[in-house]
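Everything on this sheet refers to the single structure shown next.
We just call them A, B and C in the order they show up, numbering each chain from 1.
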Amino acid sequence: MSAGESLARLRERKPLVHQITNYVVMNETANATLALGALPVMAHAPEEVEEMVGLAGALVLNIGTLSNHWIEAMVMAGRAANASGVPVVLDPVGAGATGYRTGAARRILDEVDVSVVRGNAGEVASLVGVAAEVRGVESVGDVGDPAGLARHAALALGVVASVTGPVDHISDGERAAAVSNGDPMLASITGTGCMSSTVTGCFLAVAPTPFDGAVQALVAFGVAGEDAARDAKGPGSFHVNLYDALAALDPATLDERARVS
Amino acid sequence: MSAGESLARLRERKPLVHQITNYVVMNETANATLALGALPVMAHAPEEVEEMVGLAGALVLNIGTLSNHWIEAMVMAGRAANASGVPVVLDPVGAGATGYRTGAARRILDEVDVSVVRGNAGEVASLVGVAAEVRGVESVGDVGDPAGLARHAALALGVVASVTGPVDHISDGERAAAVSNGDPMLASITGTGCMSSTVTGCFLAVAPTPFDGAVQALVAFGVAGEDAARDAKGPGSFHVNLYDALAALDPATLDERARVS
Amino acid sequence: MSAGESLARLRERKPLVHQITNYVVMNETANATLALGALPVMAHAPEEVEEMVGLAGALVLNIGTLSNHWIEAMVMAGRAANASGVPVVLDPVGAGATGYRTGAARRILDEVDVSVVRGNAGEVASLVGVAAEVRGVESVGDVGDPAGLARHAALALGVVASVTGPVDHISDGERAAAVSNGDPMLASITGTGCMSSTVTGCFLAVAPTPFDGAVQALVAFGVAGEDAARDAKGPGSFHVNLYDALAALDPATLDERARVS
């Protein structure tokens, strides 16, 4: 099943994507979910996360603004997702910047069966003990070979590793893909990494495998980024255009626009 | 007093609208409040909600991203609002999706004298034990007769029930109104339901009765939605236009644009 | 060093600006930070604030949606910033509206060595016991002479006081500046005060003194506001334009556009 076919299916089925995410981007990821064609819900209370995730087609865990009771809720929701066969995406925002974040991401990986880890090179490197520089939530250093990092992380963590950057590298340890869609303006606003994790969750709800879903999500999000950049005057108008572009993505032409190798 | 007259009064008096709401839409409802002409304040600490609500013209309680200490703050603020004669709006976001949300909304209704409950059909149905399907925070099923639901909920809960959808139905148990203003694009972004609850709070601060305020708010918000849709290219530009349109609402022409039956 | 020189240095160094701020504006202040050219990070867990602030060029504390464990985190982060020589900005949002907010702001000032307090006249007046009216988070009364207030607050609190309004007044107790850049539309959306505090933090990371940084920040933010207002149709499009304008600020022309006396 191609990216275009997955997108068509997503718009038809409108899966619920349960997100336990950070305060900075909740509105943005909810709107990206809606623009793509799925339904978002944000819920983090321990009293309801298990019930909510049972209704969902995917669960997205994002550690961008962390505190202890949110970590507990993420673990609870993740285990319930596993029990119901709901795929889980982890976005380890800022792993490597503080020991608390690195530790929280590792704990979730230990206690939850995560399908896809979507992060920048510095974050993913930090999870597998590769030296990297993370300045706040930005990967500012050079991690060398990102394709190799994706393959290493996939094998070490038992996940699909989705390492985004100028070129995105996705690996399940055996298969590998590089996605060149996207635009440098995606780095000009906050939350586009988080949105790409959410879009990954949306595609996991309909794609045949987590690897396929992770690749297709970055194709779709990258193409939307290219469209959004076209007449943007700066980060504000790019941000607005991005939602318009996600909603305007055309399943019929998405595959011919994919730049995957 | 007509919708246009209430809007003119609101812009003159600039009432403070105290909102205890969810993380996803706080910026959006604050900006909608300002665009309309009132003043928003978000405050949820038990140490200050009673003092803050004493300064307010209305209180809006929204359970969209709930946890236990927020429920306590909502009940405290609601009781203080009742003691001061400040009208209270409840937005039962996601009631029906989890028992926790349904229970929280019912507890607030038990312990606080709520003036208006503003929700979608599935949420309102869940509060009065009518079967409904709520997928996350969306009403996806068919609840039959929404006008009948509004009347039933008004009588059962002792509130003005404001059931929004393609046509909005408002009832205080005796009087009933149907508002046809609005645009399908309002469903394309997150938080428009929450904004309509906030706009309801703004109008309650100036309208002669909660029923009048609830109807006038949905007229004003619906007309702004119509204006915002006019040259929107998608959900991103619609979202931007919506604030411009709320700020541009003209008290002199609002009543002739109202589609109320 | 002029405002233009500081802006050029900021874009070259890309300092990390650690922000412990309110739920309403987190996305807005993060995007303003990126648009200006610095890197934002939001982190509030007591387990990580000390480590995170050690990586930062400035710390911004904003009490807009307060609760007790957030106050504790602010104090911890502030002390760690002091120990590392990282400058601290305090935005006392809503001080004067409730005793809880006034008390929290005063406690932070007691326990942390704050470089700059950036607030509206009512908020700053409340911190030094001058009568003022704060409606929610808006200063609605007349505090008389804002230049005198800035000087008084600077001396009484031992900070640079940055009192924003139609004209901004900055004082360190000896020097004083009045910045006339800006546009009335800045008051039409929520979070512009918070953004000006964040921009102050960005400039503190590169400016020679807190007084210079506070003045230069308001020049830059005010010029961006002027540019954003130019073809805005209302608060929604102004908001979008504001990020485009911050990103487009030109270090080469910023100083000639400064209106400082």
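Note that in this section contacts are C-beta pairs under 8 Å (C-beta built on N, C-alpha and C of every residue); 3 or more make two chains touch, one makes a residue touch a chain.
Predicted, not measured: the structure shown is a model, and the values here were computed from it.
Since subunit B and subunit C are copies that touch, just let me know if over half of their interface numbering is common to both, same, or not, different.
different
To lay subunit A over its twin subunit C by CA atoms, how big a turn is needed, in degrees to the nearest 5?
120
Distance between subunit B and subunit C based on Cα centroids, please, to the nearest Å.
Using C-alpha averages as centres, the distance is 32 Å.
Where in subunit B do residues touch two or more of the other chains?
Residues 23, 27, 239-240.
Which bits of subunit A are touching subunit C when the two form their complex?
Residue positions touching the partner: 22-25, 27-28, 64-68, 94, 97-101, 135-138, 188-191, 233-237, 239-240.
Where on subunit A is subunit B touching in the complex?
Against subunit B, the touching part of subunit A is residues 14, 16, 18, 23, 26-27, 30-31, 34-35, 39-45, 47-48, 51-52, 55-56, 69, 239-245, 247-248.
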